[in-house]
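Got a structure for you, written out below as structure tokens; questions coming shortly.
A, B, C and D are the chain letters, set down in written order, and residue numbers restart from 1 in every chain.
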Amino acid sequence: MAQFLQVLLSGLATGSIYALAAIGFTLLWQAAQTVNFAQGEFVMLPAFFVLIAMGLGLPLPVALLVALAVSVFVLGYLFKRLIVEPMKASKTGGGLPLVIATMSLAIFLKEGVKEFYGAEAQPYPELVSGGSWDVFGAIVSVTDIAHLAISLGVVVLLTLFLNRTRTGRAMQATAQNPDVAKILGVDTKRMVLYTFLINAALATLASFLITPFYLAKFSNGEYLGLIAFIAAIVGGFNQIRGALAGGLLIGVLDNMTATYVTAEYRAAVPLVLLIVIILWRPEGLLGTSEGRSV
Amino acid sequence: MKRLNLIAAAALTIMATATAMPTGLRAADTVSLPCVCELSGAGAVSGTNYRDGAKMAAEEINAAGGILGKKIVMTDYDTQSDAQTSRALVQKAIDAEAYAIIGTVYSGSTIVNMLVAQQNGVPQFTGSEAPNVTRQGNPYIFATSSSSAKGVPGLTPYFKDTLKAKKIGVAWVNNEFGKGGHDVFVNEMKGAGITVVADVPSEQGQADFAADVSKIKESGAEAVFVYLNEEEAARFLKEAKKQGLKAPLVGEVTLTSQKVIDLAGDAANGAYAHVGITVGANVPAVQEFGKKFKQKYSRDTDHNGLKGYIAVYAVKYVTEMNGSLDQEALAKKLHGLTLDVAKYPGMLLTTSWDKTGEMSRESFMTQVVDGKQKVIGTVPAN
Amino acid sequence: MAIIPKWAFILVGIVLLVLAPIGQGNYVALILCSWLMYTIAAMGLNLTLGYAGQISLAQGSFMAIGAYITALLTLSGVHWLVAMPLAVLGCFIVGLLVGFPALRVKGHFLAFVTLAFNTLVVLVLRNEDWLTGGSYGKSNMPRPDFWLFNTGTKSTFLSIPLSSNQKMYYLCLAVFIVFALLMYGLIRSPWGRAFKGLRENPIRAESLGLDTRRLTLLAFAIGSAAGGLAGALVSPVVQYIEPNSFALQHSLRILLMVVVGGSGFFFGPMLGAAVVILLPEFLRFTEGYYLIIYSGLVIVLMVYSPSGLMGVGSRIVAAVRPKRVARTDMKEGAQL
Amino acid sequence: MLEVKEVYGGYGKVVILNGVSFKIPQASITTVIGPNGAGKSTVFKAIFGLLDIHAGQILLEGKDVTRLTPREMIGRGVTYVPQGRNLVPQLSVYHNLELGGITVKDQAMVRDRIEVVMDQFPALRQHRDRKAIELSGGQQKQLEVARALLLDPKLILIDEPSIGLSPNLVQEVFRTLMRLRDQGVTILMVEQNAKAALAMSDYGLVLELGQTRMHDRAEKLLADPRVGRLFLGGHIEEIQ
């Protein structure tokens, strides 16, 4: 029982961070039909901005803010402006070539960090630290709880923003029916830009939360990107709560499998889940088949 | 469009032919010791340290007159941590008249490319520690540190007599490096009458060790053997601390390395490891090496730097013993040879090779105390 | 340009390919081998992607299946000439099994399913040691002996010394030429035209009575079989296989070859494979930076010419002959 | 009220409009008819700023509005209801209506207008908080028209309002449009169901190959045998 609880809670804490990356992934897909294969690297990179900022002598909170600003600019604005926008504008660029471009971007970011910062894993400061509690025999750290709370809080805020504000609803309109959004006078370009900025901010937050465990390393994005991708599809590609559920589910399932079923095949579980979902319910667990379909 | 296709095809055939430019011939007054290493990709840290250690040795030797009066030329070949690339590069290095190959560090790569060196009769000094590298009956392969087949048995008396463990857990990384160590370890425990109660493989690059630690904790293991790469070891230590795992954690080589200590912070305190050679060893020559390395490259090295360093010195000493640049003689001479550090200071420690190319020398038991690796005992060469 | 017939280009190409490794070292022969092997795998993927319009991210795993089947058979004494067709057939069948359910659902789902499939294959290869040797892999596969032409040993031919690697190159070249001819025949056949119709206008293809799902499945399975053929060559050329050499990133690499070369162009994969395999050789002097430069170049290429290098070529042709300017943007505009 | 003068335009280099010209008076309904590919919908896009205009001029109440953006056209009192699905499926009826006023800063005004519009379409008030996707086809079209009316426009461009609706609902939509005309709104409409549309229109406009072929009172066009043969498909059946 204690073990079950332990594994469950740890899985939820990790899963909540996967969810952040998965939500960004989903948003980009909805608003710009961009399957971002560099999503994992988008989570890897901001941690290095923090390390660079701290290397310049800035205290941690300032370094975090600087990293957030730089990430939102580079991974949000520049990504859209320099890569996605020109490709979307051309006749054939939106589909496969964009996929290839984001895959190359993943290599570019990864190798760039390795060459200019270093190949070794770097220690990374914890955002939230503190003791731990004993919950019915399971050890739960304050950090775990904080992760879960921060991730859920962000999801709630984001949902509120999208549903309760005019800008949020204009973003939904842009994602669900861009042509109509345009003729209603919605500044669709700006809404798409907002989506890119939000995605970058979510990835940055995920980076801040997960790097203390992962440790800052150039190759961190490989696994994270894949998980974000799977979580988004499993949960439902066109739903924020779908991506949240997908992330949590994979976090928990991964740990449960390793504990009770097989450690050798733990990595297979999300993949099998992905295949089953695609064949059985392609719109995802919580996804809707209306609106944009994949 | 069809025409275009054809032109493109023709053009690239020419390009392919042009790539195939003959590589320059070796000038007769130098010794080529190419370094085929993991300079990029997942193994970049180990590979780069190995290369830089080797480079440092080569520069020292050249400054002192070279090998048999000939200067060492060391060319880098980056395997990108990919086995098939490494094979092609060893071939390339041999095409360019390599005297001996320095590298590779990844066991998965060495297993592949050592065949090429063997076919061409070129001695190879690998940084790999998987036992199956030296078990292939390849007369040209030489280890630069004890493989886990030698290192892990060194731990057995420690578990049996010092820790007096009856039940033991093992956490290992499920790749050729981890599997090698794991297999040797499980075998050793069986021989020593110790039960392995938790056998937990993990993925390379795995981030969440909650399940792994929890399984070991539940199993009631009295000690844990941790055979993981550095980052994973650090993550494991952090999770073990969080879950309050009380059993002593004992590793081979990596667990008490400076990198793991940096990454894991206080979670590393108390961890034990058996290390073949370490900059922290209480041996003046080794400490001197650590200082020189830091001065030259402004960073610390792990044991891979030491391995690359002694590889090049071994080539020098044995070649000069033979008196000629004869590859076959070099390989023959090394088998069963012991280089005494008193006579051959570049070896840093007295080192011997057996008939399979496996090496052996004095090794150390270490523990992390207050964020520093401390040598707590010496394990004699076996 | 029109004066020179196209078979002359092909003939010159083949002569150059035959001459390529002569007088070169073993390393060059190996690189050229891997260029041809990857070209075969990429041409297979090109059928799935460029002609049938489906993204597959599992070409690496089909190479793995082909390579392991060949390795296990040849290590147990079966001749390569027997093992190779079995490897190809095996991949064809697995391709059908994977493609059949995945193609029931539309869109990019084949891409997602194949992505997962690739990693699953790697996991199985690593964990089932009893069959595959686990993470140690399989090594020392024999190179085939064709009686008069034993690829496993050195010999001389017309007083030209041929190393074992060079002979393997000629084996790869022979397989490649036969394969390319078969592919060409396939694309020229009614089937091939149907594939093209499928990509350009699936709805129209359907209305013409083509069973689009069956055709796509067939294209995918044939593409997978080509991956198996490439794998059947990897086994004797590299003489060592292990699961990680066929991980997802290698599938991505093959995909990159197809797209960089220009998907849907017959010789595109050849060019793409050359860029992916040979370009690093040219960029080696940049040391650690070459992957950065390389990935940067691919991004620029994709942004500038989404249809790959072949697309750059046709742009240049279009610039020389302005009357061929395509009616661009029409498709996009019509969606409004 | 609206004047289109010799407009040439298309997408990029592809030319679809080849010098379209016409003028429509205030508070009238004009139906545009023509064969497929004649450029009917394209004219709407040209007016609403969704097309590259190569030459020509568009005047609204005497002022040049050529090449204004959709946002600016909305500001000038023009709304556009394109063909097909024009709703945001996952948003509620209320929020779909509200999007019609996205360009307006004054939120209180938009809220008031939503109430006014919902008075005109009681079904929408009834389903106020349901998702647009959950409405019936007729209700969806009502919602689109209602949204187009939100900002009290002077000119409505409406493309194929009858598609996918039952004959009863078509009549309902047409009645709505007539009511709007009586309130002083100018309506320009493309309609496949040309006969019924012309019957309720004031003017008719025949386009072919991106040019104006005929432009006259609707009843004259209805009576014209050429128009009947060419575009009012029903005639052929009658002949047979």
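Here is the rule we use: a contact is a pair of C-beta atoms (placed from the backbone, for glycine too) under 8 Å apart; a residue touches a chain by one contact, two chains touch by 3 or more.
Treat the numbers as computed from the prediction; the structure is a model and nothing was measured.
The chains in contact with subunit B and with subunit C alike are A. Set side by side, A-C and A-D show the greater C-beta contact count at A-C. Distance between Cα centroids is largest for the pairing of subunit A with D. The central chain here, found by comparing per-chain C-alpha centres with the mean of all protein C-alpha atoms, is A.
Chain centres here are Cα averages; for subunit C and subunit D they lie 52 Å apart. If you average the Cα atoms of subunit A and of subunit C, the two centres end up 33 Å apart.
A straight line joining the Cα centres of subunit A and subunit D is 42 Å long. With centres defined as mean CA coordinates, subunit D is found 75 Å away from subunit B. For subunit D, the set of residues that touch two or more other chains comprises 50. Looking at subunit A, residues 111, 114, 179, 264, 267 sit in touch with two or more other chains.
For subunit C, the set of residues that touch two or more other chains comprises 288, 291, 328-329, 332, 336. Only residues 3, 6-7, 10-11, 14, 111, 114, 119-123, 132, 139, 141, 210, 213-215, 217, 219, 222-223, 251, 254-259, 263-264, 266-267 of subunit A touch subunit B when the two sit together in their complex. Against subunit D, in their complex, subunit A makes its touches with residues 166, 169-170, 172-173, 176-177, 179-187, 288, 290-291.
For subunit C in complex with subunit B, the residues that touch the partner chain are 1-2, 6, 9-10, 12-13, 16-17, 19-21, 23-28, 30-32, 34-35, 126, 134-137, 139-140, 165, 238-240, 242, 244-245, 265-268, 270-271, 274, 278, 281-282, 284, 287-288, 291, 309-310, 313-314, 317. Remark: subunit A residues 35, 82-83, 86-87, 90-93, 96-101, 103-105, 107-108, 111-112, 114-115, 179, 226, 229-230, 233, 264-265, 267-268, 271-272, 274-275, 278-279, 282, 293-294 touch subunit C in the complex. Across the complex, subunit B meets subunit A through its residues 40, 42, 44-45, 48, 174, 200-203, 205, 207-208, 210-212, 214-215, 217-218, 230-231, 234-235, 238, 242-244, 259, 262-263, 265.
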